[in-house]
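Several structures are given next for inspection.
Shared between the two complexes below is subunit A, which pairs with subunit B and subunit C, respectively.
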Partner chain A sequence: MDSPLIPEGVKRCSPKLFFLWTLPWLGLLAWGGISAFLCLYKGLNQTNMSNIFAFALWIVFDLAVIALGAGAFFTGFLTYIIGKGELKNIINAAVIIGFICYSGAVAMLGIDIGQPIRGWFIFWHANVHSMLVEVSFCITCYLMVLGIEFIPIILENRQLDKVPELHFFGHNLHEIMAVFAATGTFLSFFHQGSLGGMYGVMYARPFAARGGFYVWPWTFFLFILSAIAAGPCFTILCTKLAEKITRKKLVPDRAVQTLAKISAWLLASYMVLKIADTLGWLYGIVPKAGLQFMDFYREGPYGVWLVVAELLICGIVPAIILMIPKAREHGGWLITACLLTCTGIVLNRFVFIVVNLAIPVMPFDRFWSYLPTWQEWGIGMAVVGYGFLLFSLAYRYLPVFPMEKNLNPVSE
Partner chain B sequence: MTPFSFEWHWNVDYLVFMGLLYIALTIVACGLIYCLVKTWMDLSAGESPPEAPPEQLIYRTRYQQY
Partner chain C sequence: MEKEHGHGKHQYGMVIDLDKCTGCGTCMTACAAENNVSVRPDESDKQRSIAWMQLFKITNGKEFPHTEVSYFPRPCMHCNENGRGHHVSPCVSVCPPTATQLDLDTGIVSQIYTRCIGCRYCQAACPYKARYFNWWDGYFPKGKGLERYLSPEVSPRMRGVVEKCTFCHHRLMRAKTKAYAEGRREIEEGEYITACAEACPAQAITFGDLNNPKHKVSQLIKSPYAFRLLERLNTKPKVYYLSTKDWVRKMADNYLPGEFKPVTKIGG
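Presenting the complex of A and B:
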């Protein structure tokens, strides 16, 4: 039925099977749609957010998907600016994953701000000293750049490519893609950093506050480094998942190994700096605030295990695995390391958002707990459903993996 | 926010912050305009889309052909 739309020389499942595959993701989107309607119609009282937890599950999702979506800008930077040719085999997938992550994050923010109709205020009445304003500007602009990077992939659809106007436009866009990739790198660098900087400047919260360089706290640089280390790992994970589901080889090993190797060195550098930052915080900021390390982990479910899980299990361990060539060439170890890296980054963002707000800051304060409502989960899960759906549609109708045809010859 | 907005201050903070934003937006806009004009020129020249792109072109899905 839809065979004229499917790229030439590749095999796809039947439309019926594809429709069945999309059902769970459509279900998640429906759940998200109901939740969004309730939040917009009745207000944010549908959530468990409060004056204490002004940032909650949605911001954890936002920061996590933005860090994981960093594979798009970083792979683009390596491909178009540094000239790593082998990554052209994976750049399309990286761009689509980045687009899904950023558009999902922006959509979620649209609900989070409570009154999306006033969303433009942050652009028009900008506070130029606010890290959050910088984040908003850069995320919006970068989503625009990602959209532009996505257009040539869409225009390579078998039917769209036949239209001369679209063919030439897609081709011309691709010719100057390095310009967009460089702009995307600039925008991403600053919003990834400012997301971290936003926490580092919370001087009233010793759990998050950090020293730094000029106006940038150390968390500014750590967030950039962690995002460019975890982003490629997430791209590898998504590609491997697509290979597992389609039972095909989609990307040559060389491209995956290059990304994994770069990710390994970045993750190792990040871990060294993160440990130094943690020690600096432990022996500098904490005693200056009249506190001790264990004061932060005494109450609630967030114990020292969080530090061990984030730094050791989801940081040092995957860095070691990815740095050993024999280990990263082994499929199982590669997936384990990428999974641990991505988990570590999500855990890091969770700690900075939820744990940071839960810990009391005054002697008379108490520990605050927070559990998301089904509406909050609904919006978060809708992003997951949207991601699966868009990636599935892109895989079915667009030539996402340029080497698929060569790696999986179709016998007539 | 633009320099014509009532909140605008002519100081280095505003110039750096908003200046960098407008530079990024200008680059993106110029890139898009260049592509649109080049497409229009290609079409006016009466070129038909080639079956296989010429060798010097880097084309995402077909780069392995070069």
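Presenting the complex of A and C:
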């Protein structure tokens, strides 16, 4: 039925099977739709956020997907600026994943703010000292860049490509993609950094506060480094998942191995700096505020296990696995290491957001707990559903993986 | 005590004598009534209720009969610095749409409700939890007299914005208007005081200009028993506390073992 739209030389499942595949994701989107309606119509009282947990699940989701979506700009940087040709086989997937992550995050932010209609005030009445202003400017601009990077992939659709004007437009966009890759890299560096900076500049919250260089706290640089280390891992995970589901080889091993190797060294450098930052914080900011390390991990479920899990299990361990060529060439180890890296980065964002707010600063204040409502989960899960749906549609109708035809010859 | 009350002409501030405070809560009630603070039919959700002036109960942690109790009334601290030496409060420097400002002429940290987008970054940045988000639409039950209590001088807040203590800024406007009408350029001590200071039956709260040596507040803060909440964070609050009890002063900040120094010399 939809065969004229499917790229030439590749095999896709029947429309009926594809429709059935989309049902769970449509279900998640519907759940998210109801949640979004309730939050916009009735207000944020539909969530379990509070004056203590001013940032909660949605901001964790936001920061997590933005860090994981960093594979888009970083792969673009490696492909078009550094000239890693083998990554051309994975760049389309990276761009689509990045677009999903960023557009999902922006949509979530639109619901997260108390007065969504006033969202444009950030740009109109911008407080240039606020890290969140830098985040907003860069994310908005970068989402546009991602849109521009996505257009030529859409225009490669079999039917659209037949229109000469669209064909030439897409071709010309391809030619100047290095410009957008460079712009995207610049913008991404700043918003990944500013997202980290947001927490480092909470100077009156000793758990998050950090020293730094000029106006940028150390978290600014650590968030950039962790995002470019975890982003490629997430791109690898997504392509491996696509390969598992489609039961096809979609990306040559060389591209995956290049990403894994680069990720390994970035993750290792990140871990060295993160440990140095943690020690600097522990022996500088913490005692200066009259506190000790264990003061932060005394109450509730947020114990020292968080530090062990983030730094050791989800940091040092995957860095070692990915650095050993034999280990990263082994499918199981590669996926384990990528999964651990991504978990570590999500955990890092969670610690800076939820744990930071859960720890009282005033000595006589009490510890509060927080569990998200179904509406909060609904919005988060909608981004997951949207991601699966958009990636599935892209895979079905667009030549996302250029080597798919060669790796999976269709016998006539 | 270190002096740093900004470079503006006036720096309004507050001194709360904890030895006088009985924890009656009149300050909280007066503040809420004065500033049109909305209520909920069920106020049991303390994580989401609004109290510009919050009262914390503290104890010395000892068993009866050595138990002692004190109360910490906590308005907005109207911080003068963000903790890194910048002349801006922790909440002001982070606010993306410039919806909150530190007025250098008065030292008051304002909140523009119609500018606030409700991102709540200021709440996350404030260590005193002095900022409150409107999780619901404003609610003033009709037929119970509450709607008649609304002050026309203070705008009620809409859902989805952050609000906080303004040191009853409208009272400053009122006092200034009166002074100008009478041909005066300056207001006298006592012409502008906050609702909580006015209502406190124990007269535990004193309000005035910290920069004016004639004002009582500027004299009270010279007491060796004067201290501020979380002073080590260097946010330079303009709300001071007085207590002769060491354990109360110790509870106002975090100290490593052996760091806290009790007051030994009176009159410094």
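Convention: the second predicted complex is superposed on the first by the 412 of 412 C-alpha atoms of A that agree within 3 Å, B and C clash if a C-alpha of one lies under 4 Å from a C-alpha of the other, contacts with A are read in each partner's own complex, and residues count from 1 in each chain.
Quick note on the criterion: a contact is a pair of C-beta atoms (placed from the backbone, for glycine too) under 8 Å apart; a residue touches a chain by one contact, two chains touch by 3 or more.
None of these values were measured; they are calculated from a predicted model.
By the touch criterion defined above, A:Gln159 lies against neither subunit B nor subunit C after alignment on the C-alpha atoms of chain A. Once chain A of one complex is fitted onto chain A of the other, the partner contacts of A:Ala126 extend to both subunit B and subunit C. In the superposed model, A:Phe168 makes contact with subunit B only, not with subunit C. Within the superposed three-chain model, A:Lys88 lies in touch with subunit B and out of touch with subunit C [touch as defined at top]. When both complexes are overlaid on chain A, the residue A:Gly114 reaches subunit C alone and has no touch with subunit B.
Of the two partner chains placed by the overlay, neither subunit B nor subunit C lies in contact with A:Ser14.
In the overlay built on the shared chain, the residue A:Leu357 is in contact with subunit C alone; subunit B does not reach it. When the two complexes are laid over each other on chain A, subunit A has residues 124-126, 129 in contact with both subunit B and subunit C. If you check the complex, the residues on subunit C that touch subunit A are 45, 47-48, 56, 58, 72, 79, 82-84, 88, 90, 93-99, 115-121, 123-129, 131-137, 158-162, 229-230, 232-235, 251-256, 259.
Within the complex, the subunit A residues that touch subunit C are 43-45, 49-55, 112-115, 118-119, 121-122, 124-127, 129-133, 136, 198, 201-206, 209, 287-292, 295, 356-357, 361-365, 368.
Contacts from subunit B toward subunit A in the complex involve residues 1, 5, 7, 13-14, 17-18, 21, 24-25, 27-28, 31-32, 34-36, 38-39, 42-43, 47-49, 53, 57-64. Contact residues on subunit A toward subunit B in their complex (touch as defined above): 7, 88, 91-92, 123-126, 128-129, 134, 137, 141, 144-145, 148, 152-153, 156, 161-162, 164-165, 167-169, 171-176, 179-180, 183, 186-187, 399, 402-403, 406.
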